[in-house]
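Please find the structures below.
In the two complexes below, chain A is the common chain; its partner is chain B in one and chain C in the other.
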Partner chain A sequence: MTLGPGLRALQVGLRLLVLAIIGFILLPSVVVSIAAFSDRAILTFPPTGFSWRWFEKALTYEDFQQGVRNGAIVMLLASSIALVIGTGAAMAIDRYRFRGRALLQAMLLSPLVVPHFTVGLGFLILAAQIGMARTYTLVVACHVVLVLPFVLRSVTVSLRNLDGRLEQAAASLGASPRRVLFTVTLPLLAPGLAGGWLFAAILSFNEFTASLFVTAQRTQTLPVAMYNYVREYADPSMAALSAIYIAVTALLLVLANRFLGLGRILGVEHGR
Partner chain B sequence: MGKRPFLGWFVTPGALCALGFAAAMAAVLQYAFRAHIPGSLEVGGFTWANFEGMLRPLYATVFLQTVWLCALTAFFSLLLGYPLAHALVHARSTAWKSVLLVVAVTPLFLGEVVRTYSWLTVLGNSGFVNGALLWLGLIDGPIQFMFTRFGVALALVHVTLPVMVIMLAAALSHIDRDYERAAHSLGAGPVRSFLTVTLPLSMPGILAGTGTAFAWTFSAFATPQIIGGGRVNMVSNLVYQLGFSSFNFPFAASLSIVGLALTAAVLGLLRIGTMRLERVGT
Partner chain C sequence: MAAEPRPALQVDGVTRRFGAVTALADAWLKVPPGEFLTLLGPSGCGKSTLLNLIAGFLEPDQGEIFIDGALVTEVPVWQRGIGMVFQNYALFPHMTVAKNVAYGLAARRVPREEAARRVAEALALVKLTGMEERKPRQLSGGQQQRVALARALVIRPKLLLLDEPFSALDRNLRGAMQVELREIQRSLGIATVFVTHDQGEALSMSDRVAVMSEGRIRQVGTPEAIYRRPADRFVAEFVGDVNRLPARLVAVEGETALVECGACRLSVPAAPLAAAAAGTAVDLFLRPEQIRTAPPGTPGLTEAVVAARAFHGDHADLHCDAPGMAQRLLLRVPGHAAEGPGARLALLPDPSADAVAFPISG
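Here is the complex of A and B:
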């Protein structure tokens, strides 16, 4: 097909627009990463010199270390529990018809649109009402509810892409439902389960607003520690930590894309 | 259908989880109608006072400002998200597609604090933008972006954009390419086939994305708190202040409930819009 000069210009314009949008998305990450190597205690642009000292300070700051430990505990528990709950619920909701199915689906997906401060406030009040302190259990419970929609989505997408004939073949050859589930269905779902778990883990580790409500000094996760730091200090330690965050997250997503197919997990791409 | 193996095993944990969440929401609802006893964490009896208190100009203004910021953010993330989602779905090379995808979704997984702090280094008085403009000699003194509604809105669009892109790309990838090809073969140019085929068919995605962006922005806390610095407040900031500075949890709960009702109303309206569209389609 031949394009007129007007269309050609339009196409170039659109491409430039997309590049500009990518620039807008990347700008803060790039700027904060540059600021992380600043040699001065206050942020200035352009930077006056180069130093690693803020990385050193960020990595040895006790609240951050504690935040990483707490965050890791909460993340591992919450995303694993959410994976088990979410896989079961996704199977039932996608394949079976039962009473309360629509209600269950709506309830499990609703944390996507309920503001996180409301979720956090709710769990805080609930804990107070049943006389529970602000323990890890509370934080984990809150995170499970918040990351479950993402697991549900990821597992549902994989279920839809699964070739049902393989299960039928196994069943017709005499495998019990239990055997079909554990030797056919779950292994075939593995990439979707891994993707769902990874998303849940990253989101839990980074969840902030609800965590601010439900964590105490002893259980505060990394984002809460970072928020408290930003409120008190202005040195580039936070920039250094942000740079590490950005690098690790980007790396995880590139790997997830390579091995699990990010587009398919997110449902923005189809086919096998 | 017939057999439903393991139904109970599959559903029970999810149902318990849903129940826990419902209990937490019920707790908020219940607190919203209780009286606040100053200086105490205990709550008093039933009252409408919390909702009446919300009509005071201070709180009404914050509500209006929040809704305005949410609408603005949803609109601009749609404007920026659509070209990106379109490019993502229509990318010809896999490498370019992967780059677009990773760039578009990475911010979603960074969390609000890191992203907001990064904007601080961009927008601050000695930040990137002001540094660059001063260095170029375009301005004499720093432009104030921090603590302004513009700065907050800019960072909010950045926070909301990935979700918008994912929802739009999901909708766009579901559109059968044959419709676009048919439009082409019938003589429509790319612009016309976009405006009369692709855009109308992606309308459900646009509505869903806008609704989610609205709700997502309503949920934002760190961005207005850090970039707004107490001068640009959203409902989330008030709820936190009321809870943790004044220990007035009943009032915080009532603000949350009204916020939730507002979000539900916006999502409901958009849902009605989507249903209308689907009826036109059949």
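Here is the complex of A and C:
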């Protein structure tokens, strides 16, 4: 295809613009990751030397280790509970027409637009009112509310792609509704469920704003531990931790995409 | 009167509405054991609604449904003991062929060894032995259909329901599958309700056909009866090709009536004309193969000019213009007949023609 000089210039310009946008998006991650390899005890960019010491510090620091453990516990519980609730709610909303259906859907999705600050503060006040200490239960409950919309979205999309005739076929073959659920519906939703769970888990592990309100010293998750650290120190161990964070999250997202991609393929196939 | 065998399916006055729309109005049907009954009609005629009511995916607003003598109107789908083949087969994509076929047996808690034996038998019946470990997506359309059939038959259903099972197959395969399905159905002696909008399929496969339109069953009868003695104008026009000619009712004599069209007088069944008075205009229906040609000037139904000729090997279709008729007439003549475009013809009814006539509607 031949292009006039004007069009070609436009094309080059567009490419540069896209590259600039991508660069802009990646810039903070890149800066932080590079700063993590600094050999000096103060955050500088560009770093003056190369060293792994801040990674070592980040991985061995007691509060961070505790934060990872707490975060993992909260993440596993919160995303699993959210998956169960979200799947049930998504099915009810997708398949049944009942009073308050739209309201239920709006309420379950509302944490998407309500600031996490508000959710965290709300849970804190509520916990204080009923005399509840800032335990894991509180943190998990708060995270369930926050990640539920994402599970709901993911399961709803999978349900829409599910061919209802497969369930009808199973019923015609003598399967009870319960059997249909466990042998047809859930197995076919599995990619969507896995994707939704993983997304919820990543969000839970990274959540900071609400967690700041509902965690205590004993239950603080990694982002909260990092915040507390950065209030007192300014060494590159924060940058090192961030770099690890970015790497792990990216890896998980790649996995999630694999799962969701698999779901798309399955959806296309049984649609034929 | 001899006692009738217990019908495999009985539909008693079933009505189903969707909001203000009556999808099915007062349907009555009886399917004796082993019969292959087809529900035929255009889309939206209520045939799928009726099938879904029989299967239990819908509940009727009025009326009762019996399967093998048992009242099932309020029995859920999974307890009705039916086998169903869906339009796009609805094979479970996450299971192998063998698991798909075994699904209904597992749901019935059939012991593993017996289930394995019956799955093997069912796959042999549909000629898919050796495909046990394939996934549905690895099969062709025809093979998927065989799996769907095996899956529906392996549970030994009291009634087999087929929802347009051939519509996704290409034409060549379709003919072969129709013959094969009918052979299997006959060998098992299983009562079958088959839904289609394809009148050719309905005529060639069925023991009896129920023609439906606008939520009503218009006529139930053998394919031959439906074709030769359509009960109303809709059935006449929907099943097979037909020509409509202007005619006049001469007289009604018992079971038959005499109508006049051009210079010809034909006897037709009197029942559809019961309300018409002698001398009124009626529509005469004649099949393309029931009209013969003669040299122009011969007294007959009408004169016509051939507008187009389509050759089909053993026969040829002549599309003819006749004076005073809005619709073209279709004639089916032997393939070697010489009439081509532009030829003038006189048209005569075949002496053995099953003509029917209906009052002019509207």
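One rule holds in what follows: the second predicted complex is superposed on the first by the 255 of 272 C-alpha atoms of A that agree within 3 Å, B and C clash if a C-alpha of one lies under 4 Å from a C-alpha of the other, contacts with A are read in each partner's own complex, and residues count from 1 in each chain.
The rule is simple: a residue touches a chain if its C-beta (ideal position, glycine included) is under 8 Å from a C-beta of that chain, and two chains touch if they have at least 3 such contacts.
Just so you know, these numbers come straight off a predicted model, no measurement behind them.
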Clash-or-fit label for the pair chain B, chain C on chain A: fit
Chain C versus chain B, contacts on chain A by residue: B
Superposed model, angle subtended at chain A by chain C and chain B (C-alpha, nearest 10 degrees): 100
Nearest-approach distance, in Å, of chain C Cα atoms to those of chain B in the combined model: 7
On chain A, positions contacted by chain B and by chain C: 177, 266, 269-270
Chain B - residues contacting chain A, complex: 1, 3-7, 9-15, 17-18, 20-25, 27-28, 31, 41, 80, 83-85, 87-89, 97-98, 100-107, 109-115, 117-122, 124, 126-128, 130-132, 135, 158, 161, 166, 169-170, 173-174, 184, 189-191, 211-212, 215, 218-222, 226, 235-236, 239-240, 243, 249, 252-253, 256, 259-260, 263, 267
Residues of chain C that touch chain A when the two form their complex: 55-57, 76-84, 86-88, 90-94, 103-104, 107-108, 136-137, 151-152, 155, 161
List of chain A residues in touch with chain C within their complex: 163, 165-166, 168-177, 179-180, 183-184, 187-188, 266, 269-270, 272
Of chain A, residues touching chain B in the complex: 1, 7, 10, 14, 17-18, 21-22, 24-29, 31-32, 35, 42-46, 84-86, 88-89, 91-92, 96-98, 100, 104, 107-108, 110-119, 121-126, 128-129, 141, 144-145, 148, 177-178, 181, 199, 202-203, 205-209, 212-213, 223, 226-227, 230, 238-239, 241-242, 245-246, 249-250, 252-254, 257, 262-263, 266-270
